[in-house]
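First subunit A sits with subunit B, and in the next complex the same chain sits with subunit C.
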Partner chain A sequence: MLYAAPVAAVLLTMVLGAIIFSLMGYNGVGAVIEIFTRPITNPLKWQDLGIKAAPLVVIGVGLSIAYRANVWNIGAEGQYIAGAMAGTAVALLTMSMEGPWILPAMIVAGVLGGMAWGAIPALLKTEFAVNEILTSLMLNYAIVHLLYFLLRGPWRDPMGFSFPQTSLFTPSQSLPYLWQGTIMHWGVPIAVIVALVAWFVMSRSVFGFQIKVVGAAPSAARYGGFSTRNTVWLALLVSGGLAGLAGILEVAGPFRQMVPGFPTGYGFTAIIVAFLGRLNPLGVIVAGIVLAITYVGGEVAQTTIGLPSAATGIFQAMMLFLLLAGDILVRYRLKAVRPATAGETA
Partner chain B sequence: MDANLPLRLELTGITKQFPGVLANDHVSFSVRPGEIHALLGENGAGKSTLVKMIYGIMQPDAGEIRWDGQPVSIPNPKSARKLGIGMVFQHFSLFEALTVLENIALGMDAKIPSRLLEAKIREVMNQYGLKLDPHRVVSTLSVGERQRIEIVRALLLTPKLLIMDEPTSVLTPQEVDQLFIVLRKLAAEGCSILYISHKLHEIKALCDTATILRAGKVVDTCDPGIETSRSMAEKMIGGNLKDIVKQGGRSLGEPAFTISHLSLPAAGPFGTDLEDISFSVRKGEVFGIAGVAGNGQNELLLALDGEVASAPGAIAMDGHPVGQLHTSARRKRGLCAVPEERNGHAAVGDFTLSENTVLTARNRLGMVSAGLIKAGAARTFTGEVIAAFAVKALGPGATAGSLSGGNLQKYIMGREILQKPTVLVVNQPTWGVDAGAAAAIHQALVDLAASGSAIVVISQDLDELLSLCDTLAVINEGRLSARMNVGEVSVEEIGLLMGGVHGTPEETHIAPGGEHAVPA
Partner chain C sequence: MSPEFLVAVIITIVGAATPILLAALGELVAEKSGVLNLGVEGMMLIGAVTGFAVASTTGNPWLGVLAAAAAASMTSMIFGFLTLSLSANQVATGLALTIFGAGFSALAGKAFLGRTITPFVEVFPAELARHAIWRVVFGYSPLVYLSLIMVVLTAWFLKSTRAGLILRAVGENDHSAHSIGYSVIGVRYAAVAFGGAMAGVAGSCFSLVLTPMWAEGLTAGRGWIALALVVFSAWRPYRLLAGAYLFGAVMTLELHAKAAGGWFSVVPPEAWAALPYLATILVLVAISMRRSGGTSAPACLGKPFLPTA
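So, the complex of A and B:
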């Protein structure tokens, strides 16, 4: 049943999506076929799938670890941007330099940037008991404005005709392609490696055990010698760090410069990826591909049948709703009751 | 009792199947009007299932329930109450922040104006000598008083059958006597009582008939007045009961675990402050802490095992202060502990037994190297615990939540005892555990003490403490009494200390010639 709910959620999303878009006057069945099958049947779209799935998987893996610990980090989008910005800062400082150390330095900065943005909700939660859902969510919006400020001011490309964007990264600052002539960059294999390492750590290590036991039973964790406070920090630093990694890989890969359009909501979509992947890093790979299909397919459907761009978001949201609803129905059964049972004390 | 009256309750061939378990297998017995009928059996024998079917929480797959001679079906608790069946559950369903009156009003099927309800409550309380102020807030009440709310709640419906599930497990001996007076009075008025308990001497003292269940079947219906506690226990477990074997000539060594002036404020509004607790346990000694639930036992366990830090010098092991050390550091020094709550505290229900072994035994038994868990070592040790403590489980890969309460307790006790701790602190080691398993746990504790470990047993079960411990003290409202040698102290004395300031003078009055004898 554990793995049936996500599959059922995806299938139901297709059915409901077809109905909704038919009622809106589109070719609903056609839309679903375009979105869910065209990216798979057309080999030209496979590399699109790969580069869309990579950041989703990297962020989703981090979130799946945090959520296992019952730490509800909703700020992956902000941590993703913070990581990309930290990496960009290194890139802008090394514009005139060359060398193989520059890209690794950017990646390290990216991870640290994501961690730093994740550390704020961790500090507020452990020191002042502030709910991490609220703080991490609000910090998403704060960082976007910091980004806009930097792009319109200190970071603006002097040769860029006043467009709010940085200079293009140099080759030493860009993520190489796997094969010349494709758009497949190194972020894709890195995402798979991240997921495999996370799976191993979560299933075999004391760290993974700590995360799971704190999430499943905080009292038992304390009895077993695991500190909840310590775990909150670890969860937010790991998920923030991985979101930051995804951010720097994205900016040094497909973007190759920082632009105002960089935040595309991967950090939010990755929440769906984490849940659809059952908070299991291997499941997150599959879920990342499914969500990438909706992105790529959504673009296909825009051109072929004129579906609005919001359609992608609608499909993604339905998937999460149906999955959460499905999980409830797996655990509980609906039962018709008469209203007059208010006095039961059993 | 008039033999011509129809039977109050008659069960014929009641069968209930759960996936993989036949919980009740053609159970038949009957209860006469005014009879106090005991339902006895080990954990998992099917008592709860049976009672749930009588109270309408579950439906039997087969069989017939007759009520006053008429076949009935009881689809839900509400219709059970309509028939006149009342039930007092082992775990109370009370809102701590509300008053007695508000709690009772919430539980009523019919809405009654509160003044009328209060008058009715006072009437019932006067009739049965139950002392309770309807306007007290529940959080300020002792467990015995809380149970009285549940009893009053059931009595307000003037039941013809009252089901009591393990009612005395949380009461002082004096409160037990008080409860028995109420139950006898009820029975004399014609109300039948179905009394579920594993305390055999209470059943002997109170009940007219006992039906013994084993593995879902009725194995015997007997007169507890004629049977001995031992014979009933052996019928329950279907074998011979082992006595605790204490090796003679045991000498107690140096103090291994010393608590001096331990004070801790309560963690929450319904917690208990610990005030100036001092005691010392020698090597080889079993030290008992008696007391009614909610007097600081849980807080004390958390302080002793390191889940809550205290002043550095307040707790010492072999002379080293450990008050500031957390649980893992104390475990490394040799202190193991078993908290009262099995699910979610001593074990994680969703985890396998192997994983639950990793929870507490990973460092003492070398189950971790380079940050990775040695799953094989955990599995082997878990297998040893399962074998040594006869845990009924599918194996180390079974989830803790799939075990019955008693089996899980055996596993948890085994997990800690087989780590060979130098100090072991246990809270309620045999709570909800059947007689056979309890005897095994007691023997393991005594053997561990014989090998030189210092053991602290916190329990509400006085019989357990008296048979197990060398010395004991009583905890009341977060304060610990002076230590007493078992064998030099009477149950009445302990009971008075347990009652502390909760009891009124009438309640703590010692009945001459009480039925409690102190085993020497």
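So, the complex of A and C:
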């Protein structure tokens, strides 16, 4: 039942989506077919799916860990941008250099950048008891403006005809492709490895246990000697660091330079990925692919049947609505015996 | 600084503050009943696009405002159904509402890009504001006066009416309110619907008065600032009013800095643009530091209500 809800949510999204878009005067059935099946049936789109899913999975894994700990990091978008910017900074410093160490240095900088941006809400929550939802969210907006400033001024490519963008990264600063002649880069296998490691850590280690206990039963966690404070820090550093990793992989992979159009909302979509994946790193892989399908399919539907790109967002939001609604039907049976135990846990 | 310049400054501050004031008032009432709706930004966008669509089609901006309130209120019922009837997680549902609102408004607004609307007729006759100074009292859009009336009404409703007392009781102790026989879920539905309607009006304030036009994502995160404003106000309507104007001042600083010239013009525009968000964080920290120990948040805020018997 636990895993039936996400499947049901996706299927219901397709049915309801077809109805709603038909009512809005679009070709609803066509839209659903284009969005949800075309990326799967057309092998040419599989690479697109992989490179779209990779950042969603990496960010989504981090968020699923944070949400398990009941730490509501809504700032993944900002941490993703921060990671990409930190990596870009290293790239711009090493423009005239060569060597196999440059890309790893950029990746480390990216992870640290995401962690740093995630550390701000962690510090504010643990030291000043400020709710992390609003602070992490505000930081998303703040860093976008910092990015625009850097691209307009200090980071602008001197040979770039005054476009606000950096120089192209050199080959030793770019993420290699898996095979010659593909667009599939190393970010894709890295995403899978991240998810597998996270799954192992969450289900087999004390760290994972701590995260889950603090999130599910704070009093029990305190009794067991787990520090809530440390858990908040861990949750935000891990989710921030992974968002930063996704950011640097994206800028060194598909983008290969920093542009104003870099922030594309992956950090927000990854919230849906985390929930659809049941806050379980393995589930996040599947959910990341499903959301990647809606992105790639949305682009297909745009060209084939002229469906506006905003439709993708509606399908994604519907999926989350229906999942949250379906969750209750899953949990309802558990809740039926709640009165007997409510007194002990309250 | 000439008095005319000062008047112009005040008018832009009030203009920028009004939508966040409206949206935050609605959210304040919802939170007083114990519901945390993070979908303010999404509901504002729905209101902005609906208000603009109706106003540009009918030529009547007031119909636009009404439609914006109705549409956003209906949207908030998705949130209400999920969180109140199905006791879904309020944080996740609110986020979904924001993502939905952003997508839906972008889609629905496609047809209205580049259209124009008839502006509001001034509330007060132009003779009253003959001197520039008087514009500080008489020179605003009707929605500004509406927002002030709503502050007074909301404060009065929460403090002095029986219904307001019940709403607060539901937010402070849902099980007690339930056991006396009040419908916790019913009260919360009403509060969420009110919050939605106010967010809708706030959204229409962007597309009908401030911009005035429709553009994708034109509320630019102001809905989230409204949420922070509720925390800032410690859930008190009059403090909310003061806070909104304070934020309005921060949001319009760039404009005035440019006009004032001098060393202000050295500051890059991006820094001014980021300022409201950073100021929000600082304000949240300041409030939290001053309020060591207990908070003034409604006790049941964000918790689903599950009747035990």
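A few points about this structure:
The rule is short, and it goes like this: the second predicted complex is superposed on the first by the 331 of 346 C-alpha atoms of A that agree within 3 Å, B and C clash if a C-alpha of one lies under 4 Å from a C-alpha of the other, contacts with A are read in each partner's own complex, and residues count from 1 in each chain.
Here is the rule we go by: contacts are C-beta pairs under 8 Å (C-beta built on N, C-alpha and C of every residue); 3 or more make two chains touch, one makes a residue touch a chain.
Please read these numbers as outputs of a predicted model, since none were measured by experiment.
In the superposed model, A:A217 lies in contact with subunit B only, and not with subunit C.
Within the superposed three-chain model, A:A142 lies in touch with subunit C and out of touch with subunit B [touch as defined at top]. Residue contacts after overlaying the shared chain place A:F209 against subunit B, while subunit C stays out of touching range.
Among subunit B and subunit C, the chain that touches a larger number of residues in subunit A is C.
When both complexes are overlaid on chain A, the residue A:G225 reaches subunit B alone and has no touch with subunit C. Of the two partner chains, neither subunit B nor subunit C is touched by A:A53.
Using the contact criterion defined above for the overlaid structures, shared-chain residue A:I35 touches neither subunit B nor subunit C, since it reaches no partner.
Common to the subunit B and subunit C interfaces on subunit A is no residue. Every residue of subunit B that touches subunit A in the complex is listed here, in rising order: 55, 57, 76-78, 89, 93, 106-110, 153, 305-307, 326-329, 331, 337, 339, 341, 344-351, 355, 358-360, 362-363, 368, 371-373, 375.
Those residues of subunit C lying in contact with subunit A across their complex are 38, 78, 81-82, 86-89, 91-93, 95-97, 99-100, 102-104, 106-107, 110, 216, 221, 224, 227-228, 231, 268, 270-271, 273-274, 277-278, 280-281, 284-285, 288-289, 306, 308-309. By the touch rule above, subunit A contacts subunit C in their complex via residues 24, 72, 74, 124, 128-131, 133-135, 137-139, 141-142, 145-146, 148-149, 152-153, 268, 271-272, 275, 308, 310-314, 316-318, 320-321, 324-325, 327-329, 335, 338-339, 342.
Across the interface of their complex, subunit B is touched by residues 204-207, 209, 212-213, 216-217, 219-220, 222-225, 227, 341, 343-346 of subunit A.
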